[in-house]
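Okay, so chain A shows up in both of these, paired with chain B first and chain C after.
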Partner chain A sequence: MKERLYQVWRALIWTFDPADRGEAGKAVTRNFWLHWFPPRMTKESLSWGYSLWLGTISAVLFFILVITGIILMFLYVPSVERAYQSIKDLEYAVSFGWFLRNMHRWSAHMMVAAVFLHMLRVFYTGAYKNGMSHMAKRQINWVVGMILLGVTLLLSFSGYLLPWDQLALWAVTVGTQIARSVPFIGDEIYYVLAGGTRLDQNALIRFYTLHVIFLPALLLVLFSYHMWRIRKDEGLAITEQFSIARKKGEAVQPEMVFSTPWAVRRIVLVSLGTLVWVMFLSVFLKSPLEEPASLEWTPNPAKAPWYFLWLQELVAITTIRIGGFTLNGGFVGGVLIPAILGGAATIWAFIDKSPAEATGVWFHKSRLVQNLVFTFFVLIIVGMTIFAMYFRGPYWGIYWPWAWPELPEII
Partner chain B sequence: MTEKEIKNKRREFLKNIGRLIGYGTLGGLFAGFGRSLWPNILYEPPKRVRLIDPKNLAEGMNYFPEQRLFVFKRGGEVWAISAVCQHLGCTVNFVPFGEKIEKKILGKVIEEEWEFHCPCHGSKYTQEGDIYEGPAPRGLPHYPLEIDPATGYLVVDMSKEVKKDWRLKLS
Partner chain C sequence: MEQKPQKQALPDVKEDPFPYDSWIIYGLAVVGAFLLGLAIYKELNPEYIKYQREFKALVEKKFGKEAAASITFGVKQIWIPALNKTERCITCHMGYEWKGLEGEDVPKVFRTHPDIEGLIAKHPFNKFGCTTCHGGQGFATNVREAHVINEGGKKVRWLEPLLSSEKAKEYGFKDWQKSPLIEINCNTCHRFDDSLPGTPYINLAKRLVEEKACRTCHMINGEGGQIGPDLTYEGSKMPEMFDMRGTYYEIKDGKPVPSGRTVQEEIERRGLPLTVFSWHILHFEEPRSITPTSKMPNFGFTDEEKLALTMLVMSWKKVNLPAEYIPRPKKGEVIPQADTSKKAEGTVSADLVKRGEEIFKQKCTACHQIDKKLVGPALKGLFERRKEEWVFAMIMHPDSMVKNDPTAKKLLEEYKVPMAVPGGITEDETKAVIEYLKQATK
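Then we have the complex of A and B:
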């Protein structure tokens, strides 16, 4: 009986400790969770220092978000009368409600960071290049990755509205007004996004549905495609280095290891590490909840979440006035500039004509110029974020962080 | 044209009709689904609202939070200025100076008792709602006021704008 149960278990789950090469290979192909891996991979693909495992971290964070999010759906009511109260209940009445909310929130913040860093890693290692491969089309995965970054930001943004507190309302007021500032079609976009001409119940239920179904489903589909493409592209870009070395006549033989336990072991390690870190943050750092949402007054200053602060800085300084013609900074800084930056980064994978040797290596010298230009833009974004975070005070004025002016009570 | 070619042509034609029907149906279906998300009825507060008995208006600034509206009363005259920042929709703050001060704004010296400042991106408006600093593309709108003949209450119509020197004389 015990033997039979063990066989069933073996059939359902991969073996972590294959008895022979045959079993190691079968463990991958027969297991649903592992079949998207090749039976064997180069040991270099699993290197900590090459990929920094940021993609895996992003995926793990996403799964933490799905699980905590589903539980939160049982406890949250997407109605303007009850949303705020249900968050208060999470904080004070529901057992471990605060912990769920913190985990969801910290995973979300970390996911934005992880996906962004993953994008940086791929750029700096030239990992969207095809190297010697005739099969690979890694540029496609770069494009998919950029869309995934966008979806991650939209998920964070749509989740921001849900507590229906002051922080939420004003972040989303500004966000939706940016959409409204698009010439000609802005009003229509706003109308369908908010479900009316002001942020109210219609807007809340729309953002809720986007947040819990539409965007996660989209992200999951794109993520699956992202993973599938890695195999179609013949593995991580670092493996191209072997083909390059062989072409040069060097007798290198990549060390091939079985996906299980080699890859599985590291994935489990990274997953546990990520989970522990999220739990650690969630135990010690509270999620903020401001006063209930009220259009009657705006907090001073009303700051966007950190990953949008550079955009807040941009929309505040990019209004264009030429004679009688005025173009709202909401459109220039909130739509036009990010679209140009994002678009340029996306198509760059097709424009980059650096030699095959630069595929899958950190900071290859042939890509020095483009790395510097890319870094320049990244530093501008990071710099604007820091500036907006610490040097913008009441009425979005410029102050030292320790020298904010005393404000009279607003009537 | 051989018989075979005619057959092929007919086949191609029928295929295209099939495609047209298929894509047309799907397109129409999703257009309909999409259209359902454009509300036909809005349950929003009206733009034309009864505010207050003008007798109860304070001299100077009166803020109506639900309408996000400032109503000013000065020497028997009233006028209304929106509190919605024209940049990205935050609610501006009323910033009184406590006395009449002279200020040089955009090269002109004007007298002011108050201003409107936006907390979100720092747009600054003069006493009359003109933008003089920050990203807002235009000034704060002024709305017409009227007295409801039935109740004698002050009514604002936020569906249309008036010039900034517009005033309603209270009798």
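Then we have the complex of A and C:
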């Protein structure tokens, strides 16, 4: 049985039967789809426990988003008169429209989370370090990764506006107003984003174009470079551990496995798992869609998308009222603090001077202090996000999630 | 010649380094197939299918197989681009246009739409759809979202909720079974008509607006005073614009005293739903119970009048109507205007007194009555107290009078609210009012 399945697998994926390692290598490098893999990898690079496969999951989510997104482009009309109606049609009238939209929405949320977790994994394993390698420049990939995180957030944020409902309009209002508090050029940034002095058709078409062309293209280019760099940096950081061990005189021989079929199969597994998880969410959880967007009235409370909620919370905390005088926290909480945090995290790969042994291992003891400081900030960000998501109620007051006050209706 | 690299022994690729991977993939494939099946099942079995099958069975029972054959399954809709409406209500309410499904034996959801007083002939379905009158969410194809029903703590919010009879019952309408709340949507288009068949509440409210001279203080349709808020688009105000968490006041010895409850708690205490509608009911009952500084008098409205007036203000919505939807004005039913043709008349005639009375009712009665102290003093015996010139000056120039005239200053101290004549007044009109008052205040 196993032999039979193996034959089927071979028939489908790799009909070529290499006679030696050279041929096996060429089989990979000459295949367009496989050429970004080395012919062989260490077994540890493919383990679950080291990378948690978060990068692959992010990439798979991105491809789900591209495919569902292209189909949605046939159905969505980026105009303030029709956008909302086209989403309603997706929900109620288009065949599998609800499923498509759910998959796109949940993949987008998942991708923000996956990319963020990927960043955490790379930090905690010291994977931006070069170890014993003289060739590797993994710091560059860390910086590229931070930019990719930013692009992912922008992609999600620009997509947030498109349904043109109250949730979309006011979440983006919160976001763009934070951008407006950048000193000197804040108004210009807002004007470039919104295409005017308020969120209207100009803003919608700008966000749409950014969302469907500009940002995905940018992400694809950066992603390709990100993958290419992994090869040029001599693979995942965990492989450095073998060089380190060898230098110490330990006779370790890494177990090498062929990229195809073993790595390919694992990628198929992760892709399928991600797809199944997104499908699970999409079958059982509805995507929110509120009343049509209206600048005439503000929902109470108006919240930013969840991944920017910590910024909104920061803005709220840093807004100080002394008597009748209000110091708006938009700049300090919305721009300065996140810029410092993001900037520090980005250049940290160049500052981190921990020993080479700390490369590619989880929580190396030499990096204890920086891991703790990093964790501290991560917990604050996650904590503020959860707090703003579940404990901030009407008038931005603090409520237990189950004791949310009843809000008035019209009739 | 290509140099062949030194041959290295090929490791045994058949030895699987990750022996469980394949099985996990098979497992995931099964789960994925199951979820896909579930998605297909959900797609093919929407909530409305149940109703469509029931309807088909009903038609077959009543009119035979042939009639039933014309019924197809799927989303049905009336699309009205002019109003930007897509009405999918008829996906379930399939019998709305059928003849012969009027009877009580037909379930309500399938019943033929009644044609009350030729209503449908004037408002054909393909031009007006469903939600124009009934409210609710026309896009939706499930009961909960189309009818905007909040259940189990799960909110469905929609700008134009369904104006159902159940809603009317909650507000205590005596005739709630007739869904009187729908009159709100009638008047959204018919706001300029004096009265309209089939809208008793709105007609009552419109009569009250004239009787109580609301325009004295309020701008309505761009016409009226500016003492109170402009009510032209009162119905478009969102719930967030009403402070439900403010203090509710009780009136003791003519003064508002905090009751210790919020407006929201008062609404809940009375068993009313927490809505803008309920806020208006409370506000019409006693404006100062919500805004203690309000100058609006307590008119002592009955329960029915409060409901009617609330419906009227809720109907004053901002809508963009295409020209062909604007109802024809009712000729011969124009709001009575002050007659200006007799301007030149100088002698004290019965006509002049009558005209004075009309103006008085329009512009003065909100604050002044002959026998009763209201916002302003009672006017009985006015000319025994004051000279005619004083009264004339007070009506014509109340602003400068309350600043300069000692008597007027004292009155302002006593009554707090400075006198103002809504919409201004001409010299001739003032003279007419004075002639009327000379007789009325004796």
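Just so we're on the same page, the second predicted complex is superposed on the first by the 373 of 411 C-alpha atoms of A that agree within 3 Å, B and C clash if a C-alpha of one lies under 4 Å from a C-alpha of the other, contacts with A are read in each partner's own complex, and residues count from 1 in each chain.
Criterion: a contact is a pair of C-beta atoms (placed from the backbone, for glycine too) under 8 Å apart; a residue touches a chain by one contact, two chains touch by 3 or more.
Note that this is a predicted model, so its numbers are computed, not measured.
In the overlay built on the shared chain, the residue A:150 is in contact with neither chain B nor chain C.
Legend: residue contacts after superposition of the two complexes on their common chain; A:330 is shown touching chain B, with no touch to chain C.
In the superposition on chain A, contact of A:24 is made with chain C only, not with chain B.
Contacts of A:338 after superposition: neither chain B nor chain C is touched.
Of the two partner chains, chain B and chain C are each touched by A:300.
Using the contact criterion defined above for the overlaid structures, shared-chain residue A:92 touches chain C, although it does not reach chain B. Put simply, chain A uses residues 296-300, 410-411 to touch chain B in one complex and chain C in the other.
Put simply, chain A touches chain C in their complex at residues 5-6, 18-22, 24, 43, 46, 81, 85, 88-89, 91-93, 95-96, 98-99, 255-258, 262, 265-266, 268-269, 272-273, 275-276, 279-280, 282-283, 290-292, 296-300, 406-411. Against chain B, the residues of chain A that register as touching in their complex are 170, 173-174, 176-178, 180-181, 191-192, 195-198, 200, 202, 206, 294-302, 312, 315-319, 321, 326-330, 334, 394-397, 410-411.
Residue ranges of chain B in contact with chain A, taken from their complex: 37-39, 42, 44, 61, 63, 65-66, 68, 87-94, 117-122, 124, 134-138.
Taken together, the chain C residues at the contact with chain A in this complex read 4-5, 7-11, 13-14, 16-18, 21-22, 24-25, 28-29, 31-32, 35-36, 38-39, 42-43, 75, 77, 84, 86, 88, 135, 139-141, 157-161, 163, 167, 181, 184, 236, 238-242, 244, 264, 273-277, 279, 314.
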